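Structure in structure tokens, see below.
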Amino acid sequence: MRPALEAGFWLLALSGFWLMPEQLPLLGQAAIAALFVLSLDLLVGYAGVLTLGHAAFFGLGAYGAGLLAQQGWGEPLSGLLAAALLAGLLGLLTAPLVLRGGDLPALMVTLGLSLMLGEAANKLPGLTGGADGLLGVEIWPVLGLFRFDLHGRTAFLYALAVLFLLFLLARRITASPFGLALRGIRGNARRMPALGTPVRRRLVAAYALSAAYAGIAGALLAQTTQFVSLDALSFQRSAEGLLMLVLGGLGALYGAMLGAIVFTLAHHLLSEMSPLFWQFWIGLALVGLALAGRGGLLGLGAALLGRRA
Amino acid sequence: MSALATEGLTRDFGGFRAVADVSLALAEGARHALIGPNGAGKTTLVNLLSGALRPSAGRVLLGGAEITALPQHARVKRGLARTFQVNQLFPDLTPEGAVGLAVLERQGLTGRWWRPAAAHAAEREEARALLAGLRFSAAEMRAPTRSLPYGRQRLLEIALALALRPRVLLLDEPAAGVPPGESRAVLEAVAALPRSVTVLLIEHDMDLVFRFAERITVLAQGAVLAEGPPAAIARDPAVRAVYLGGPAHG
Amino acid sequence: MLTVLLDGLAAGMLLFVLSVGLSVTLGLMNFVNLAHGAFGMAGGYLCVVLLNRLGLPFLACLLAAALCTGLLGLALERLLYRRLYGRDHLEQVLFSIGLVFIAGAAVDWLMGARQQLITLPPWLSGRVELGGVGLGVYRLFLIAVCTGLLLALHLGLVRTRFGSRLRAAVDDAVVARGLGIPVERLFAVTFALGSGLAGLGGALGVEVLGLDPTFPLKYMVYFLIVVAVGGANTVIGPFLAAILLGLVDVAGKYYLPQFGAFGIYTAMVALLILRPQGLLARAAAR
Amino acid sequence: MQARVTRRAALGAGAAALIAPALAAPALAQGRPARIGLILPMTGPFASTGRQVEAAVRLYLRQRGESFGGRRLEILLRDDTGTAPEVTRRLAQELVVRDKVQALAGFGLTPLAFAAAPVATEAKLPMVVMAAATSAIVQRSPFILRTSFTLPQVTAPIAEWALRERVQTAATLVADYAPGLDAERVFKARFTGGGGRVPLELRTPLRNPDYAPFLQRVRDAKPEALFIFVPSGEGAAVMKQFAERGLAEAGVRLIGTGDVVDDDLLNDMGRPALGAVTSHHYSAAHDSPENKAYVQGFIAANPGMRPNFMSVGGWDGMQLIAEALQATGGGEGEALLAAMKGRSWTSPRGPITIDAETRDIVQDVYIRRVEERDGQLWNIEFDRLPAMRDPGT
């Protein structure tokens, strides 16, 4: 993407702070969704590993950061770090199970693992609060200065800043030789070993990285809402993330973020206009976009720009 | 010491023996061809050599060291590269990017995640030089692979293997499917391989085989039917019966 | 013990009828149709409307539900699905989830969000005692109907020309086309059949599974498990998977209720890890 | 009495509201409209709760007028999908920050109410819980008031009723989440405290429940009674399985909180429901003029629906807000909250009070039996425990 467009994207995101000062909670959650979808894109879009259970990492990060705060350590940045480590570790442990078969087994194994984790959280009310959610999460001010406020100002800037930094890192990584190797694996998984690439090791690394990203997204949600519930681990969250990714456009970091932001805002707008039947309109948009079939919003945008040029 | 050797290599699929007790030895710098009718087990043998498949029995030796248990990528690191009969390319990458990736991989750099791939100038330059040597134009180097004509893709297939600077190179029907007009470039590329590279050529095209090979192994029903210099193979009655005599010549 | 076994069997049978269409669309058309459950829901609501509002006999309702959903499937296949064959799986996911949303909202608008209930005819309700074991009459009915369907499907696939063409097309659509098999039409008919079966399953399931606008999403995971574990090529694979799922589910709830759904998920993950290839042949391509 | 006064005042205010626009309203009206943020599950698995509450809220405004204390009530309905707490929290934040609501209301499920509680505290706005029923909710914020019920409140009476009926063993079957666990704990404590025995305690998952195997276990354990709590909307499924398993024939009596015989679904449950005895705070068959008017109005406005215990929480929530607005002359924040505390009136369910200390509801709880009247099934009340408080945790 061209630098001017890139700068425009981030300036526009930041300008939400002044343009929509009353909608900051929404924008903050859009940024968190964008981070989650970014993590999915690293895995699905770049490494070509399909998953239906990414919420496992999101939820683990959320519960990790939430529990840390509940137990009396509410410092947000270290909470993010802890969540990233925790989720990354789970990624490392489960990657060998996921990377055994083809696409469909991968989808189902990730789904199964996330459902197991969700059920475990449900059955350990002493630790997680069970179906009631984790109560008593208190987060200290960011950097000791910025308290999480009712208007969601701190939450928005905090989430956006984390998203931006992690985006820069993701861009760095995807442009690196490691990122190139991942694209190679996605492009042709048979050729890569013949080039001498230890495909499995690269995929495990990508899986753990993506898991850590998702964990941070979950931790952000836990910290900004000061609450964690089983919903963080749900199948719906995994599926919705995938939906946003395909909506935006696979294998492009901006596509991932665009999809998340557009979906979150559209969902919000529609459900406010029509609290009962918003799903109908979302569904219609998804069907239309799939039928148009140009590789998501990003592809559609590029096609439109291309036609004009 | 042989550059590449097998001892009693065997592979079964269920009840079907695709490769049966094959023992080969390629001397350093050899130009060796492997021929045989369709279904003789040639590609299975290549897969066994490269590590894409595990043998049911037997051993594979590279430069005298046993590599039977090594996975494919580890064999590449030891200097054993291959091409594929059916193109295994990266449709979305440019030839420059793909060959660059192979060069980076050879240097053991694809685990690095900080410095951009584009900033590895030396590797990129090497990739360009390699492609230029195969008569790729600058525009072709930067076009997505999927948009290239088939003959060019076939060359790229070889370029990817060459970028690994192998000691032993397995060429699986490099000219397969290439229209006559474009095949010369492929033949040239094969002929131009340096003597330091040991080559095992699997081929249908007898002109190519007899022009290029100094030794030929004939495979039939998974087993070695005959082995020797081209002239001897051409005279061998058993070989003529199963293979050369057939109408499929060329 | 026997009752638990029978309950599991009935649940599995029902699951089979609901999801067999999904595995066929996946195997034959390589299409990930997450909206499959929506056809089940359509069948369920049709049955409810016909039974409760028009007072038709239950069996007629079942038949009508199957037929109408089949026709609905046919129409949608011709109008929409056809355009997405051969596309990226994820695009198909986008499309079919969109359909699920639309269907859910439409049903909500027409029928409201609450649970729909039916009253079974007297000859299907209650229970019978067989050798001291009490068995629900409706569950026996479910098992009987679904066994009949299974046999019909299996024989249809093995014995008829349609079946042999279908199997040929599943094996290799390109070759089948070359042999002059009208693959397009085959797709349409098969899709309609699968949808009709889902509709029937939905109608049969109202009494057991419940019915509300979230039905397709609620049971999507179960359908996917059946297809993933059973494989996408035969009728027998999904059948065994569905029965297994039903048995494990019911037995788990009976004997180890404190573990919740943990058992089912563990079983699925273990199965998939142990036998990822053997369980599915063609569905893996992206 | 108070209710009647309020109604008259409301009618007056309503009339004023009708005339006001013609007189170029804004300057004349006492102030800006009073906005109420109504957060409910309108889609998803708990949509029926949201629909019932919303219908009651709309009915209230239609019947009682829209202006109270000189301010027009404006309802901002938001869908929280019933499952995602962060959505609820965000909606609450937005309603406070952007829409400047005077009160938050609704809240279908406990975790969602928990998630929104800090918002109410920070914004210093009354938060009227119209549906969620876990005991602990009101303790999460000094700004929370409840117009629904609590599980312990309605569970204790049925346990004691069972003891009076000389039931000696009772199994429990509850949905595995906070209200269910509340119900299980209270039932067991009361029942065993009175000399009964609980041989079997079962918990069903909150989502995708299939009750058959659980009920089979109950049948095999053969208790004299089965105590059931499941979320609103699930009752029918349990009832069906209860009948199919032949539990009644096996001598197991069905008792429970009124959730299982939800008025909205009761008719569709058919004969199996007949005879079920439950304790609850509201029955659509409650015999009072207030309730007759309520049910009539509700059914007229929402054909095909019958008001259930969720709806009455919505109705009384509106009554609470309206009365407090009236009393404070359109007050806001802590003044509004103060006016809500300790308020009593006659609801369609009977006399109720919002306790000034706990901010929780104090109400009569009834023991009812499902009977057929004029071809329809109703929960007929036959016993009453006046002014029940939440017995606490």
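Chains: A, B, C and D, in written order; residue numbering restarts at 1 for each.
Just so it is clear, contacts are C-beta pairs under 8 Å (C-beta built on N, C-alpha and C of every residue); 3 or more make two chains touch, one makes a residue touch a chain.
Just so you know, these numbers come straight off a predicted model, no measurement behind them.
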| item | value |
| --- | --- |
| Chain at maximum distance from subunit C, centres defined as averaged CA atoms | B |
| Centre-most chain [mean C-alpha coordinates] | A |
| Computed distance of Cα centres, subunit B from subunit A, in Å | 42 |
| Computed distance of Cα centres, subunit D from subunit A, in Å | 36 |
| Subunit B and subunit C, separation of their C-alpha mean positions in angstrom | 48 |
| Distance from the mean Cα position of subunit C to that of subunit A, given in whole angstrom | 32 |
| Touching two or more other chains - residues of subunit C | 104, 108, 258, 260-261 |
| Residues of subunit A engaged with two or more neighbouring chains | 122, 236, 276, 278-279 |
| All pairs of touching chains, each written as two labels joined by a dash | A-B, A-C, A-D, C-D |
| Residues of subunit D that touch subunit A when the two form their complex | 42-43, 77-79, 83-86, 89-90, 93-94, 96-98, 110-111, 114-115, 118-119, 122-123, 134, 140, 176-178, 181, 205-206 |
| Interface residues, subunit B side, partner subunit A - complex | 50-52, 71-74, 76-77, 81-82, 84, 88-93, 97-98, 100-102, 104-106, 109-118, 120, 160-161, 164 |
| Interface residues, subunit C side, partner subunit A - complex | 80, 83-84, 87, 89-95, 97-106, 108-109, 217, 221, 224-225, 228-229, 258-262, 265-266, 268-269, 272-273, 276-277, 279-280, 283-286 |
| Residues of subunit D that touch subunit C when the two form their complex | 42-45, 47-48, 50-51, 176, 202-205, 207-208, 210, 212-214, 216-217, 219, 233-234, 236-237, 240, 243-246, 264-265, 268-270, 304-305 |
| Parts of subunit A lying in touch with subunit C, wherever the complex brings them together | 44, 48, 50, 52, 97, 100-105, 107-109, 111-113, 115-116, 119-120, 122-123, 235-236, 239, 242-243, 245-247, 250, 276-280, 282-291, 293 |
